[in-house]
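In the two complexes below, subunit A is the common chain; its partner is subunit B in one and subunit C in the other.
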Partner chain A sequence: MDLTQILLLPLSQFFAATTAAYVLCALGIALHFGYTGLLNFGQAAFAAVGGYAFAIADKYLGFGLFGSLLFAIACAVVYAFILGIPTLRLRADYLAIVTIAAAETFRFVMISGQLGSWSGGSEGIDAWGKDFYDLNPIPSAVYNVFGIPLTERQLWADIVGWAVVVVCAVLMVVLTRSPWGRALKGIREDEDAVRSLGKNVFGYKMQSLILGGVFGALGGVVFSLNSQTVQPTVFGTNFTFMSWTLLLLGGAATVLGPIVGGVVFFVIFLFLQNLLMGLQGAGVLPFITSDQAAQIPFVLMGITLMLLVIFRPQGFFGNKKESQING
Partner chain B sequence: MANDIAKGAIEPGCAKIDPILVADNVTRTFGGNKAVDVAHLEIPRGKITALIGPNGAGKTTLFNLLTGFDKPNTGSWSFAGKDLAGVAPNKVARLGMVRTFQLTKALSLLTVIDNMRLGAQNNPGESFLKSLFKPLWVKQEQEITERADVLLKRFKLDAKREDYAAALSGGQRKLLEMARALMSEPKLVMLDEPMAGVNPALTQSLLEHIKGLKANGTTVLFVEHDMHMVRHISDWVVVMAEGKIVAEGEPDVVMKNPAVIDAYLGAHANTDLGTVSIETVKDGE
Partner chain C sequence: MAISKGMLLKVNKQETATLLMLAASPDTEVGLSHPHALKTRGWAAAFASIALAFAVLLGGAPQAHAADASCPTHDVAAAFMVEGTLINNDKPVEGAKIVITGEGVTTCGVTDSSGYFIIDTPKGGNYVASIDKSTLPSGVTISDSDNQQKVDLVSTNDQSVLFPLAEGASTSINFGDQLLIFGFQGLDFGLMLALCAIGVSLIFGTTGFSNFAHGETVSLGALLAWFFTAVAHIPVILSAAITVAIVALYGVAQNALIWKPLRKRRLGLNQTMIVSIGFAMAARYILMIVFGSDTKDLGGNSLPVTMGPIHTTNIAVISVIVSSVVLAGIALFLTKTRIGKATRAVSDNAALASATGIDIEKIIRYIWILSASTTGLAGILFGLQYQANWYTGASILLLMFAATTLGGLGTALGTAIGALVIGMVVQVSAMFIPTDLTYASGLVILILTLLIRPQGILGKKQRLG
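Let's look at the complex of A and B:
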């Protein structure tokens, strides 16, 4: 059992680009659910749209780094319209069903291979994002960050990933404290009341869906750029539910919540996974296999999610009164 | 008092000298049941009109139809000369016709003052792009807040300013909803049972507010079961029963109308109207 492995690797999640990617997705859900009351159970699709659009634009269309980024954002906006126009007039629970179905549909279309090399089938698309790493100003070396060795490449991905988080979080703080954010919260409480006050509820919900979706797409871009591949299996339902867990851990109607929730979640998650696998490898847990040891944290994640919703719906930072799941 | 409202003979659906809201042939069917079947209705401008009728008469449904919250099977109606049939509820409100709800819709997890601010129209900060730049809306927001504070004081909610609306009592929520509707400075305010659940100590001041609205030139249309209120403040009474307008006229006259007594009061016809109304309200709750 390698103790440094068990302790250090989870700590690396503090600043990992993958954590930043999930945090971005959770920020998007915070805007959808925490502020607007939209139940989006398909955030993985926004991330997938972002990742695939970026990869295709970068590898096949030659849009360059910023062109690809804009293309990814534009695709997320289009996807939000496709999702929102038919469903945003319906009740929140219908949106939940449609978002989860649409996310799976998108993923299966990507897997199907019907799109040929454009989506790469179940292999996905790899070997792209060169422009991004060419921009890296950090000299080539292995850096020691709080005892964790990181290449200049990894460091660059982490820094950019968290920079995107900061930009999105600041944007969200400004927006949610403005009268625009107040209208969103009003819609969360009672759509008809807000309608009776002369506000275009459908328009606000669409804007929220788009902006939160773009955050998700940026999360997908960060996630995919980090590994320079985009694969359909990554963007399954567990991607969405992980985002939800770290959102609810931190607090749904907050901006800081998803960020701190994300860091705490991944540190604990990886620590448990490493610890259990380490213990299993050392023969301390003879009644489980190593595969099971890797899966147990997912079970615990599910249980945590349930306990959170029941006992602490406001998360770490939320205002309890403002975050009751059931009004 | 000389009649300065109706043009010609006073009868159900009669023409008004200066109508603000005119509805024609508005019908709404639920299953086989015609909930609303209004041949013609005019609401006089600058007056307080009460819409009364027994439970299930279609008063709230008519409110929903006129404000765009429900779609009629047939009919057309216009507000201040603008055709409103098929117009979305938020646009109806923007035109100056703002309503409240029978089942109060306070925005529970917003503070009282935020509820009020949300009632104001044309706040540039409510547009997505402008909201990003505080200087573009901060002045307007201050004006709105000042206006909201004045209204809160008038409705005796100023002590609750920073509380969540969820922390208010039922009657206070009713007041908040009315004050919030007034934030938009409507031309016509439609109140659905404004008195239901309001503490009797507040009733008198609420009546004064409604009279004050009229003094400011706002037209008021309200649904109410409280006959004292109807008699005390309304200039005109419209009576509905089984979806139809069965009578209208000045309050004192309408209350004596046999059709009204029959439709509204039924078995209590011989009892004093004032006391009956209280019992009716209790039965209804």
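Let's look at the complex of A and C:
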């Protein structure tokens, strides 16, 4: 059992681009659920739309780095409209079921291989994002970051990923403190009251769905750029629910919540997984296999999600009064 | 003489493995039923798979294999396998030898009397499957390009293969027969789905929340049935009875330990829904830890049954009968018995029901017993015909929601109708769209329902909010 491995690898999640990607998705859900009261259980689809749109634009359409990014955002906006127009007028749990169904449908279409090389079937699309790594100003070397060796490519992906998180978080702080943000909170608390003030509730909900969806799409881009591949299996329901767990851990109606929640979640998750597998490998846990040891953190994640909602709905940072969201 | 293009139909372990693969020569009618059918590989393949329909030779139903000294027999415990059914012109091709090569190994298998073959490979990887042409009956051929079918055992551990066979004078199944064949599969699947979805619907009706952990109840039923039949070697009927009892107990315990305390705390319905997601995750991975991540072979000893153009198995027929009887029983229970009437009263207006002296918690407890046991039964039927693994229930959860939404949330009868429609659409759509998208067709119906008639077929408008 290698102790340094068990302790160090999880710490790398502190600044990993994948953590940043999940945090971006969770920020989107924070806007949807925490501020507006929309139950979006299909955030994985926004991430998938972002990842696929970016990959296709970059690899097949030759849009370049910024063109591809704009294309990914545009696709997420279009997807939000398609999703929102029929469902935002309905009760919250309908939205929940439709978002998850739409996300799974999107994933099935991507897996099916009917789109040929445009989606790449279950293999996905790989070997793209060259423009992004060409921009890397960091000299080629292996860097030691708090004892964790990182190549200049990983470092670049991590830095850009977290930079996107910072930009989105700042934008969210500004927006949620604006009159627009107060209208969203009003809708969350009492939709009819906001409507009686003459506000266009549907419009606000749609704007929230779009903006949160764009955050999710950016998460998908960061996630996919990190490995330069986009694969349909990644964007299953687990992706969405993991984002939900780290959001609720930090606090749903906060901006800092998803960020701290994300870092804490992934550090603990990986630590547990490494620890259990290490213990199993050392023969301390003779009654389970290493495969089983790797699954235990998922069980704990489910239980954490339950306990959080029941006993601490405000997470680390939230305000309990703000967390009684019920549509 | 048109030869259909072959294709590989993937059976991903995380998705419902609904279709079996076999070969066909759909001939002229490929173009006839749909003008675009020959445009792409996918379309043609979808039609090739039409002829496959006579069978409910779903992954691992038939067990007998023709004895051939040179080919290893299938080991039930094998982790990686390739399977399929060779059919030419309605008739199974018996005794054909299929050779699998790749990853440094060569192995083979022989088709049995129903044309079915299943071949184990020692490990995952990329393989090529081909038919030993000398073992094909005279007059049956396959082109060289079609006889090199790629098998991908990287992303899945159970792969089905489709060989397009050709024959001099072949006829094909007409459209009406195809509709009957797929319709029967749809009926079978829809009835099973109804058994699960009524559980979702009754719980929604009485307690108001959509239970995302309902899929795990199906998985539990399927996996327990596997344990009792395949591991403990208890007869199927007895296994089913024990399984239903355990799953019913699981339902009551779940209600008593989680959902009842949450109702006491007055946790919001949306929050309860998120709790059920957390519970589903925990339960799903516990099932994976306990039963392993591989797909179990329940291997009921099925016998082929022929009804007109429909070639199926006795298990499928029994499943249809059992589901229909149980559904009728639920309908009688809800309309004729005191508890059933009280259940409907609670669904309609809980406060009013409570005021008339109905003990709501007692009704909810009964509903959990009923819903868990029918869902467990559906799990057994599903496992016997399709698959049983930790993800079985999760993979059809959204179809259950589609059925309840289509039928009208909280209405049991509507849910049964919704489930039949969804089951039919998922199976029959295989005639028109690529088979790997049939599942998505059920979800598209869900979305369309919400667009056109959000209250569902039998729902009341006021439930919309």
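FYI, the second predicted complex is superposed on the first by the 324 of 327 C-alpha atoms of A that agree within 3 Å, B and C clash if a C-alpha of one lies under 4 Å from a C-alpha of the other, contacts with A are read in each partner's own complex, and residues count from 1 in each chain.
The definition used in the following text is that a contact is a pair of C-beta atoms (placed from the backbone, for glycine too) under 8 Å apart; a residue touches a chain by one contact, two chains touch by 3 or more.
Treat the numbers as computed from the prediction; the structure is a model and nothing was measured.
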Subunit A as common anchor, with subunit B and subunit C clashing or fitting: fit
Comparing the two partners subunit B and subunit C, which touches a greater set of residues in subunit A: C
Partner chain in contact with A:Gln228 - subunit B first, subunit C second, else both or neither: neither
Partner chain(s) touched by A:Arg91 [first = subunit B, second = subunit C, both, neither]: second
First, second, both or neither for A:Ser119, with subunit B first and subunit C second: neither
Which superposed partner A:Leu175 touches (first subunit B, second subunit C, both, neither): first
Spatial angle subunit C-subunit A-subunit B, Cα centroids [nearest 10 degrees]: 90
Partner chain in contact with A:Val309 - subunit B first, subunit C second, else both or neither: second
Which of subunit B and subunit C A:Gln154 touches, first, second, both or neither: neither
Subunit B versus subunit C as contact partner of A:Ser12, first or second or both or neither: neither
Overlay on shared chain A, then closest C-alpha pair between subunit B and subunit C (Å): 10
Intersection of subunit A interface sets (partners subunit B, subunit C): 324, 327
List of subunit C residues in touch with subunit A within their complex: 10, 12, 14-15, 42, 155, 209-210, 258, 262, 265, 267-271, 273-275, 277-286, 288-289, 292-293, 394, 398, 401-402, 405, 434, 436-437, 439-440, 443-444, 446-447, 450-451, 454, 464-465
Residue ranges of subunit A in contact with subunit B within the complex: 171, 174-175, 178-183, 185-186, 188-190, 192-201, 207, 211, 321-322, 324, 327
Residues on subunit A engaged by subunit C in the complex (per definition of touch): 39, 41, 86-87, 90-94, 96-98, 100-102, 104-105, 108-109, 111-114, 122, 233, 236-238, 241, 244-245, 248, 288, 291-292, 295-296, 298-310, 313, 324-327
Sites on subunit B touched by subunit A in the complex: 67, 69, 88-91, 93-94, 98-101, 105-110, 114-115, 117-119, 121, 123, 125-128, 131-132, 134, 137, 141, 164, 166, 177, 180-181, 183-184
